[in-house]
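Below: one structure in structure tokens.
The letters A, B, C and D name the chains in turn, as written, and every chain counts its residues from 1.
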């Protein structure tokens, strides 16, 4: 609904002459139109752009790819999705009109209804994903500025190896899904060979399988974005723990000094030879801030250990502010992915009810179709994986939110009554009050909260349903 | 339960001699008996009054309609609803006693029970709506004073075009619903023609279809009221964001200066030539306040931009007070629409279970009754729409409540430690503590909270139910 | 679990020499062993004692009945319930062994299981109620002291007419229930007449019907207790509103001055001629407090209007303390009625599933047994009533808790920044923080919260179940 | 996820030269590698170690057993569980391939699926339990240090008799479960005798029954751990109540002076002749603290009554800190038992659905297999008991958490405005704010909260399911 990201919150701290600040604050309201990306983020955006989910123009620079909204790509996206949707719908109509006798996926009137629902849900999800893509990308460019500011203000660094691992994971998921889709496609084509309809099936379902791809990449895009945001919450928490350690309050064990920047939305600082036009660069404000302000965490090169770059009191104030900014980012991501996520959740629930049913019926009735059995089992696994891809990043984010609460709470208990700490106690108390009002969670369209209890209730519903169905089966046959 | 609206909260700020204040405070307790309405609000009240849901007397004035509770209209309402209910019940009895052989809507014993439940639920809803109407109107007159005070205190203005759009939307919904009812009526009348019972059907069901109208208008009335209140929450939030901007804390992007007064309960200020008796006018107190106090937001005519009319500290104090008043208004609306809303929700749930079932069975069994198919589909859509008409305004209100929390939280973080701001930090902190105790939500009779998760659980229940029914169908036929 | 009521909280305010206070505080820990009751409370305790649910000794005094735990009555309770339970179990065994051919309530193997469950649930509820009665009465004597202290400290008074109305309501419910049970009994006896087994049925089911009575009175006893506590929350809230009015903050409309003491646990102050031994009187401490402290609310006889007896600041402090005491009382009532309430809820849920099913099947299958139809309808109504008897008082209590929150919140907003009010702002703030930590709700055994959403979910479960059953019925017959 | 226990929180109070504190704080981060246990804790660890659930080395000392992680035992655990799992899976395959005609537990294709699920769930639970055992034990050694610090800081003592009772209870549960398993085993072996397959059955199911043992002991281990932690919450609450009494605020009745140390993780202080190496002893820091700091509660030997050992203000500060430490311990236990608990809950839910169904069908269909009937009834009871073993300790912990809230709330109300109390009011207020941010509950993997409402919803689901099944049964047979 209301998604507002103003990276200049920090700059408003100046209490001096208002005239100087006002234009800067006004400038901060300009929508950023381009930014530099690299590593896994560039990879996922590239893949998304092929499937119409990221209408961006990529320009190669010395230190990464510069991305910006591209009208041409928007038109490509819309044309692509329109063609796919029209093909799929026409294929569905063709299959339905072919009749229940020769159709391989619709051997009965009931199967026609179920199959049509299945196709329509996929069409709806992909359509919602592609149509909302330009707005989503514009939001992404906006909150990448905030995220970059958090990185600069905390003093995080990127690791190449983590980026590579992430790219590999993404590739694995996509390859597994491709193999599954191809196998499913072949199975039905082979079935259709008996009635010499294999080319009809190939033509009728090609669009459907391509739309499945769009849905899968949409989910991965959300998961990636949520993980990126969560990595910043983690960094804020680590900096908070470091602040506590600095005060000799050992809230947590000392961790390795560089876990701050695992997943990556990479916004490179524009060096003197950097290819990005400084006037269009989102991180301009951030850089000017960075030039003026010391980052919270410094990584000393000698021992490789992290240290506080500012006083604990200042660190707490800035971490509280960054936490507030990240909560805004969560709200933005939530509102820009709302509709597609809800459609994805409903489709996953329906598939999780129907697929295991076919699997178990196949086992019990046992007509020796091993290929079908394996296929159904893999589909079960895939739908489970799809749900986890969406829910797990949200769960991790919520867990980090709870860790922040715990850390602030312990810090509050420890620093009270230590007058030597100056304004620290009151700032920690302010942070604690801020946490009571701000919640860190994703709830697409406000329909439900994406976390593990949702998974638990879905599993519970599916289990109950399957037990009832199987139990009754016994008495009907 | 306890619905208390005292528009004079503002006036109690005077700490001087108590004797002067006391009579004024006492006067503020008088129930307001009339107020000026205009635009879409006048339209919905007019339509409601025809169907017995708003027993008001309308008097035309120069700047709108003056409305007041009318005993004559109360009697008209009661007579109208009594006649309709008696007709409906008699019709139901006649149809049941006609037997399952010739009845078009009750071809079986089971259909008789389902149909009787359907009719009784509509009768109950309409009855609850009409019987509570006088009390509801009295509450409405009371909280319109509070709403008008909020408008005056913030400095909002009305836009004619928004009013017109709203009227058009209302008309569209009513026309769609009329067409659907007429079509449904004709379908069954035509069915009955085969057995020459068409006039019996027309007579037996006329009351039932008219009661459907009463139910629909009741829902629209609630939706309109909730949207009005929500527009004020929006205005308070916008003023809060403006306050933050004034302090050079850019919490949100600057918006267009006049979004404050979208939906409309219009309380006109009584100009010197205004037709309303000043002694009976609810906005008297508000006006005297307005004369004494500057509105929070001023719209400068030169640039068309909004500006703060008072100091930020005073603005926060008054916005907190207005927020509290609006929470009271929400509680009032909630308690006055409690019973009808619950009956509406239960009836919607039942219809959402039964209607799609008939739709899907019709598709699968396929007896080529295209008219029936389209009709069932439209009824599905209508029941979904009815649920959304009730739930969406509540969802928007809750979202505004969350936005208030977020704004106050960010403001609190930003203004602390700025001694130049005087009492502002402590006032923002007070606002934040107030938000912890007051919740902005509608929960009719305390039975459930009206928001999107309710829709999600209804959709979930309906889906599970349909999947079970259809799955079993396969094995029974 | 932990149920601790120390009426002497007020007395601990003395900060002077500790030696004087200590013995008094220690004495306050003595369990009170007797107290004076009157009106409706005496009536319900009398009725309870006949059915073994209140093992008390009643002694008539000039100003009411003095009650105390009686060992003789405890033994009577245990003997009574043992006889009834043994009779019921033997009757059940006799009916089961009579065989499905001649039994009127168990025409099938399935009906035997359902009927046995029905009987066992009633036996369990009554057993849990009677066995826990002595402990429950001891807890009641303890919290009556707290309640009396609240009454004295606030300055509430009792109205004879309300007492009489309450007694009448109790009698109505009991008479309705007696008629229903008698009718049910006669119906089955008449059915059994056909096979000449009427005397067997009378003997086998007499114990069962008497145990139903025990269950019903147990529920009424809880409802009465919860309503009594709720009346004190209401009084605290009214006094809070009066305090606000005293400060010219018109939070609520002025109400009639004497609504403070509706339902009644009556603890008479022991006048000089009072018959209660002062040393054993629970209200001793309260009286000495009352002698030392002015009640918060005074009812002036001239105008009949209520006024504050102490300063607003002192009033808020004492109302906060009283609110805390009442929260303790709620916890005590909750823990002493925990087990029977849970059994009652489960049995109500089961009955609400089974009874409407028989009712609807009877309507659809239609074998013209009008008596059976009416009987089933009345049972439906009774089970609904039983659920409401348990849940409604809890809902009212929760609603009062919310009203307290709202009042304190508005008061907090209004009194801040008024230095003339002395310690009032800080005390109101303390009250608000107290409300964040203490919740006012009944949750028997921690299993669920007794409020309207519970009713909603029960109705939802029953509705879904009935819809599924009836829908399937169509395809099975 | 994040499980960090730093026993040195107390020591960080020193505000002097940081150089001295830093090494001590750093040392506090070393993982403790051994500790002293005794009584019931030693018993449960011994039993666990036989079944591979506690890979520890036990060394006998003068004042208990010294335990430490043992690599040899880890290898033993892994080998044990591998053998059992392989045996069970092979047995399952053998039974399935024996065919539905001769198998006693799998008379149909459907029974094969159900039985395979049953076996796989047990295998999964035991596997998850054993594989996570080393990590769990390491966590246990870590939080035992925290628990010992709480004991020392509060001044609790252990009672031999309670330890003995606890051991007896554990033995009873284990013996009951052994008898049940043996009976079940014999029943099926006897059934198999008819087809001369008894030795096949014995061989095929031996591994399965042994894995059941592992599951049961895993649950008991969790229950024991949770009860230990809960006993410390109880002790903190009692100390809080004692503090209140010391201030002449009689929040609760005086209890017996030594209920502090019921359940036991016993960490003996190393006397001069103690056998544990001081350098490796977890309680070193605690002892040095104890030498420096007076325990909060002293038990005077003359009257046997407890008394405060420090000033109330210091007591509240230290109790708040201990409460925070215990919350960390809860989080640790929660994260280390997460996965096995979820598997246990799902398996219990499935068993609670299937077992009563067989029981009731057996009663209704009635084929006179009394042994089978009793066996099914005992299994029902056992699965119910398993659920309670897991949920009840968590419920008690939550109840203690609520009691803390209530105590702090009452204390806050009472101590405000008493300037003589020094820093006490601000410390109590800090405690209250800490309670708002920290919650005391177990939620394995974040999937659900372990408390009584979970039991209620499980019972509700099972009841609904059984009612539907039995109701339908009537119409199918």
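The rule we apply is simple: a contact is a pair of C-beta atoms (placed from the backbone, for glycine too) under 8 Å apart; a residue touches a chain by one contact, two chains touch by 3 or more.
Since the model is a prediction, treat every value here as computed from it, not as a measurement.
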item	value
Least hop count linking chain A to chain C through chains in contact	2
Angle of the C-alpha superposing rotation, chain A to chain B, to the nearest 5 degrees	90
For chain C paired with chain D, centre-to-centre distance based on mean C-alpha positions, whole Å	36
Multi-partner residues of chain A (at least 2 other chains)	436, 468, 472-473, 476
Contact set on chain D toward chain A in their complex	1-2, 4, 6, 8-9, 12, 14-15, 18, 21-22, 25, 28-29, 108-110, 113, 317, 320-321, 324, 327-328, 331, 346, 349-350, 353-354, 357, 423, 426-427, 430, 433-434, 436-438, 445-448, 461, 465, 468-469, 472-473, 476-477
Contact set on chain B toward chain A in their complex	247-254, 360, 363-364, 366, 395, 398-399, 403, 405-406, 408-410, 412-414, 416-418, 420, 429, 432, 435-436, 451-453, 455-456, 459-460, 463-464, 467-468, 470-476
